[in-house]
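What follows is subunit A paired twice: with subunit B in the first complex and subunit C in the second.
For the complex of A and B:
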């Protein structure tokens, strides 16, 4: 790990180890206890209710209130993480609790439903909540496994170095291409100007850059008829070498981007689904109390 | 003096600061522009041809720029391959990323300042972060959140009326589950039951359609309500189990922790227990994916024993002095009490409930011996054997005729006793006149007609029957002396009435058949189904069945004043207080077997409540409820 680029990576690595194991799985234990308590209470009381269990019983209201409170609190992580506090580990504790209490909602909210589902706002809120939790679970998996892949992929090269070497290679291609005729220059320009490192959402996630400009430039370059001028021929040979190098750096950077994308993609479900959930939860609560 | 081009090449430093300026003179009236190093103006831009263009003076203060290999350049915002510019107007020619600004100096030379628009973008490591152009996290979050808020909250809240005609009602998404078929017509009429927002469904909403009442107008209104809201079924009409205040104060606190927590919640959320909706649950999930239930799900919020244990204490404590006993179990069920009719003052009859004991007497005003009628060796039996109607000794059903539903119709004297006890009192022209039974005034009128007196509109030999409610022709006037004499004769020893009716014949004034007041229901607070085979020897297809005499000591009763009701011990012969015996003998017997919740005096076989839904469908004939 290098001194320059490794700093943020190293902190993240330590954090991801930390939030799951924080204080000897304190929040995991708390969440498990909560779930066991809820399941116990459910099976003790559900049989005595005299009616099909639902959110409409006292246990239903309790579980519903706890679940709704948890959802709001869990959503506040988005606010909390934007505060800079003096307490270095408080955010880690928060994230740890966020993860385990979020997972405990699978039990609490499912018991709250009394296993009654239908095509209504209530089940919509439940489905959205499960979507948020599922995407969050993907996030936990990503944070647990992908940082090491990121580290392994880039080896000794930092992201900044990758970008710098790409820029340097572009500059070299630009310089070496100066003697080329219009056609040759156009090929060099294709590589320099139109090569996109990242691309869109899916391109990054799938790491499929079929129409990579550098690759096309390389193909066109190789298809050129042998040049009459020795100077041009030399330039073309040099450019081909440079483009080849560029392709290698691109592959490394793009794989880095793919892993980063996988590390971040779950948030594209987690965050919007959270907002949708908060809206559905509001509608659920208001509708239940308006018509009860 | 020959015109020449003076070139100023300005290069920005990568590190910022003052640019590098290099100057050169082209000692010719023309200068070439291109990427190749042999040009006068070398522009290191790959979009520029090796020999792109040439500048030359085209007159005083004028310069022509011409493309050499057909590649264009930009002058004055237009792409051209040839341009002639006036130096005085300080023209600028753009070649790729380079700008050539031309101007004239005082010598008439052209000064060409070459600058590069270096807008090269440097990538930063943030480029590695995932971004989406169209579906950014924040955009999606707000879009989804607001969409759901509008569609699922605002539209149902404010648009329920506006979109009421739509096929999918906006409120529908708020429904927790389907309504039962009985209430299915209210699926889009949430406010029929949920009358006030944020207030749980109250009994008034249920009673608007389901309140039973002795008042026909109220019943009609309930039915109208139901029809107006579009119910395809006639509503089941019920009454409360008791007075609401008694129910509220009589309901015990839950014994267990869960129940107490539930009660606390119910109070905190203004969700009272003991409502109709506490036991009759709507929006309950159908079993599996099956169709909706016919009727609302019925659950027991309380058990009978739960409330009827310590109930008297609770009600006493609340200041209600009510005469009744607790029934915490069948074993501790109070002794049966019978309701007897008593004449508390002349002509005033009152129903009095009292604990049953064999010595109880009820003065009904009749003389009758069950023993005499049922004695197999008695005269009645002998007479019955000779009558075509019987041809056998009398049994209970000879007089007590069962009706559908498990009860008996009241004994009808002329019909049930008339074969032996004739009411014939005269023969007129060969026709036997029969005294009307059950009405003193009708009897007097009959005697009046016989004697030819009265109002003069009596017709000999005419019908002695009157339309119900009308009084004899002599109404309003005192009976004639002869009619009174005939009446006196009828009720005196040897007369037609004598024997069954206890007589009070005053020395003077109007004679009086002792008022008869028969009891219709000895146990109005509980019910006994005579129709089921195990309860009725006449219905029993298979043994064993209870005989009438097992419960009613008629065979030994010689007085009409005997109260022929059973004690609790009689029921216990079969329905033993010990649970295991009870189960064997009478499995499934519960409190409700004798006491329906909504009509404690009736058994739960209440026909309307248990009728299948389809039987409740309105028909032209079903304008009236079958209560």
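For the complex of A and C:
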């Protein structure tokens, strides 16, 4: 289409593909090839040796070196992500490689162990690595499925607009509550002053806001005996409406925070486990060479 | 008999006031005549607190009054003080009725009081003093006003604003802004839309109407004004409304009749023409001098310098170096030919056809904005696909256009006196071919804004540019070895048309056969399939449309309508068919392209039958994007929300690549299906932000990026002009500690835009206060890796695209994702 009608072409088209499909699954193919190569080498060596090659065979050392190198490189994604340089790089390519090479470690490192496990630092490093990979797999699932839910949930409302509309509703409740008696005013204050939008990470992740002050205020409001003064009654009806609106906005904001929390939750395992892994890996390597 | 002054100055604006101050300083007998009871009425009537700018910043101020950018109040106070200390002889409430007599003995009749006699007269009356008046009965009633100083002054009134320009809209918005004032505001527009106003103002107006705070009456004219009432003619008939106040903002016209009655001749009959002046500002009537806005110089600094200069000239100085002389000298040094500035000006003016109509004074100002360059044979002046919107005029020598990208030896010559680069100027697209000097050549490069100004000032220049543009565009689009001689008949019937957004130039099913060339803007092609309009293709500027009906003599197969405000050239069918008969090569080429388009259409129709959903999706996504202004974008950031995890790494990368301030707001903006258009610059073809940048700081860079240079003065015009809200006014925060000292030791705020608290604290520690400047996306200009937002996206959600690539039919295959 770029040449129809003979107009001059402009900015080149940039490919539009997600990190999983990057360059036609280039890194998936590379990682698969790596695994197939490792498994092949393993079985050829195993049949020659007559027993599974352990970590201290030449194959074991090769697999171990490759795996350790990969682990360190994979951990560098955290730096790459934040290090904004001027030259050409693509974080998407990094993430794509991170995902597939990380998954390939399941094969490479397992073959490196020679299936010898025990209650020692070596197995600890292996277990930590598997934990990192498992949490990473959860991350892949989250990144592949949650964004559309996030987008669908918020529509065109931004986070800031949600907070602003809550603020506005609070202001309106405050204004309408002026003619109320002490008891009514206390209910309005409950909703205005004590409603927590988010709360702790766990609350956000589970989206359980059982003691939501706005909800309690709404319940108390509905339980009030009908008021004698018409002015009061009118104000109460209006406040009920406003609190109902507030509850809806809160539900939207909290669902948004829940999905955002889900997008982050796996990182709370992935990152600390990575650091533990790096420590265990260092201990594993030092001990192997110290007790050669 | 009253005193005979050496100089009488009419009008006390910046020009007149500066002249009077200089005359006073020189001890010349003088009088300054001001119609109102205060100095500088035009600036006096600016809205309260308006920031007045001092541009062009390169120009040195040479005057006896001081002037610096600042608030209206401060400037007026300064001028009052300056005129008082200089000892200016001011006569307030002196409204000049007529000027008679000759040099040495002029008589100035005033509407009130004794006439004034003077040897010389300086006319510095500006153009603002004469607002266009309402012409219906009752227009003279006291509740009709032509000015609104403070919209907050009026409460609980029924107010009618007449006029569809920015002034009218801004007044109406000001009156309706605060619902607490209780005004009932109506804006009356003679035509159907607000075409002359800025888009941001119009959007704001529509939003105010939609929220019920204002009434808009279009295609309506006032017919009768009575105390408390107004009668208007609407398309539905005449109606009478309650009305306490009428604010008429229908523009102003220069007081040409009065000036002509003084014996001063104008350059032409065009309403935009200025008086004919010598380089010493003397008009065709000896002894009468014209300076300031009336002479064609609307900027305050120019006016003040001219006031100084003209007094020098009148007192006999003939070797006064104009204030801009050093600037021009600097600009012209190093060029061959050993000419003085004046000789250069005359050389360029007489040699380049489109400059012929400029006066020596206009020529000076013109050259301040333009560049003169010398090229040796073989030097490239610009390369095909370069970004550029400037116009070139050849003063000496000749250039060769490489018309065939495949074979640079095929060239078309353009000789001295002519112009080139006009297609880039008008369409805003990249250069269509490489142009090299074929002999030692001197060219004047005229930036887009200066070229547009020139075309507005000199009608002959506009006609020349339009004629050449159409001819060359036709040659460039149809190639096939056509020569200007071949297409003479086709061009004879060519018609340039302005098209409003959404207006169709071709309707499906119509029997018409003209061919259209899209000169600026862009078109979308739609076809009715199964009762619904389906988006077929996007036609950018520099393409043609309508060839099927022209060649095959069939009714139109699709509707072609403007995506944005566009300009098209209509070519009549019959001469074109004759051309096709004479040029079988062209006919073949057009048939091939037609076949390609037909296949695309057939493909979409076929897909529509089989996978209706995918085509509907593609069509609606395309329409959504067009509505978002993508039709005028050259490069836009889109976010695929099915991939975006909301990590905001794009914003962080943006901030870290640009002095710590992000130019992008990921979350804001609009979304349709999974396509999100964040608030980020689209690098429009004809950027709205560029339209009113006093220091000319907004430019287009080599990769097509629109960027703001260090010359920014922080006036905020661009921010208001941008219809997409992508320009912010902010001051860059102090530099942060490095990433590694943050990672290892927790120093500083970390990656991304520092929070407000940190910035405030760091700025305080840093000491110096920096001004707020305009900040926008520069597409990471100069960074080898390209836009940081796209590079830093971990999932591939952020993409930058050009509309023609993104709106291509290939998207259907991928489910329009």
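Here is the rule we use: the second predicted complex is superposed on the first by the 267 of 292 C-alpha atoms of A that agree within 3 Å, B and C clash if a C-alpha of one lies under 4 Å from a C-alpha of the other, contacts with A are read in each partner's own complex, and residues count from 1 in each chain.
Rule of thumb we're sticking to: a contact is a pair of C-beta atoms (placed from the backbone, for glycine too) under 8 Å apart; a residue touches a chain by one contact, two chains touch by 3 or more.
Note that the coordinates shown come from a computational prediction; the quantities given were computed from them, not determined experimentally.
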* For A:22, select first, second, both or neither according to whether it touches subunit B, subunit C, the two together, or no partner. => second
* With the two complexes superposed on chain A, say which partner A:177 touches: subunit B (first), subunit C (second), both, or neither. => first
* Go through the superposed model and pick first if A:163 touches only subunit B, second if only subunit C, both, or neither. => first
* Looking at the overlay, what does A:69 touch: subunit B (first), subunit C (second), both, or neither? -> neither
* To do: Could you say whether A:200 touches subunit B, subunit C, both of them, or neither, answering first, second, both or neither?
  => first
* In the overlay, answer first, second, both or neither for which of subunit B and subunit C A:40 touches. => neither
* Once the structures are superposed on A, label A:189 by its partner contacts, choosing first (subunit B), second (subunit C), both or neither. => first
* Now for A:272: first (subunit B), second (subunit C), both, or neither, which partner does it touch? -> first
* To do: In the three-chain superposition, say which chain, subunit B or subunit C, touches more residues of subunit A.
  => B
* To do: Go through subunit A and flag every residue that touches subunit B in one model and subunit C in the other.
  => 5, 158-160, 260
* For the subunit A and subunit C complex, residues of the former touching the latter -> 1-2, 4-14, 16-19, 22, 79, 81-92, 94-95, 142-143, 146-148, 150-151, 155-156, 158-160, 260, 263
* Contact residues on subunit B for subunit A in the complex? -> 35-37, 44, 46-47, 49-50, 69, 71, 122-125, 127-133, 135, 137-138, 140-149, 152-153, 156-157, 171-178, 190, 194, 197-198, 200-201, 256, 258, 261-262, 264-266, 269, 271, 281, 284-285, 297, 299-301
* **Contacting residues of subunit A [partner subunit B, same complex]** => 5, 44-45, 48, 50-52, 54, 56-59, 61-62, 116, 118-122, 124, 158-160, 163, 166-167, 174-175, 177-182, 185-186, 188-189, 192, 197-198, 200-201, 204-205, 253, 256-257, 260-261, 264-265, 267-268, 271-276, 278-280, 282-283, 286-292
* **subunit C to subunit A touching residues, read off their complex** => 384-385, 429-432, 476-479, 537, 539-545, 593, 596-597, 600, 634-635, 640-646, 649, 652-653, 656-657, 667-668, 670-671, 674, 676, 704, 739, 743, 750-751, 780, 783-786, 788, 790-797, 799-802, 804-806, 808-810, 814, 817
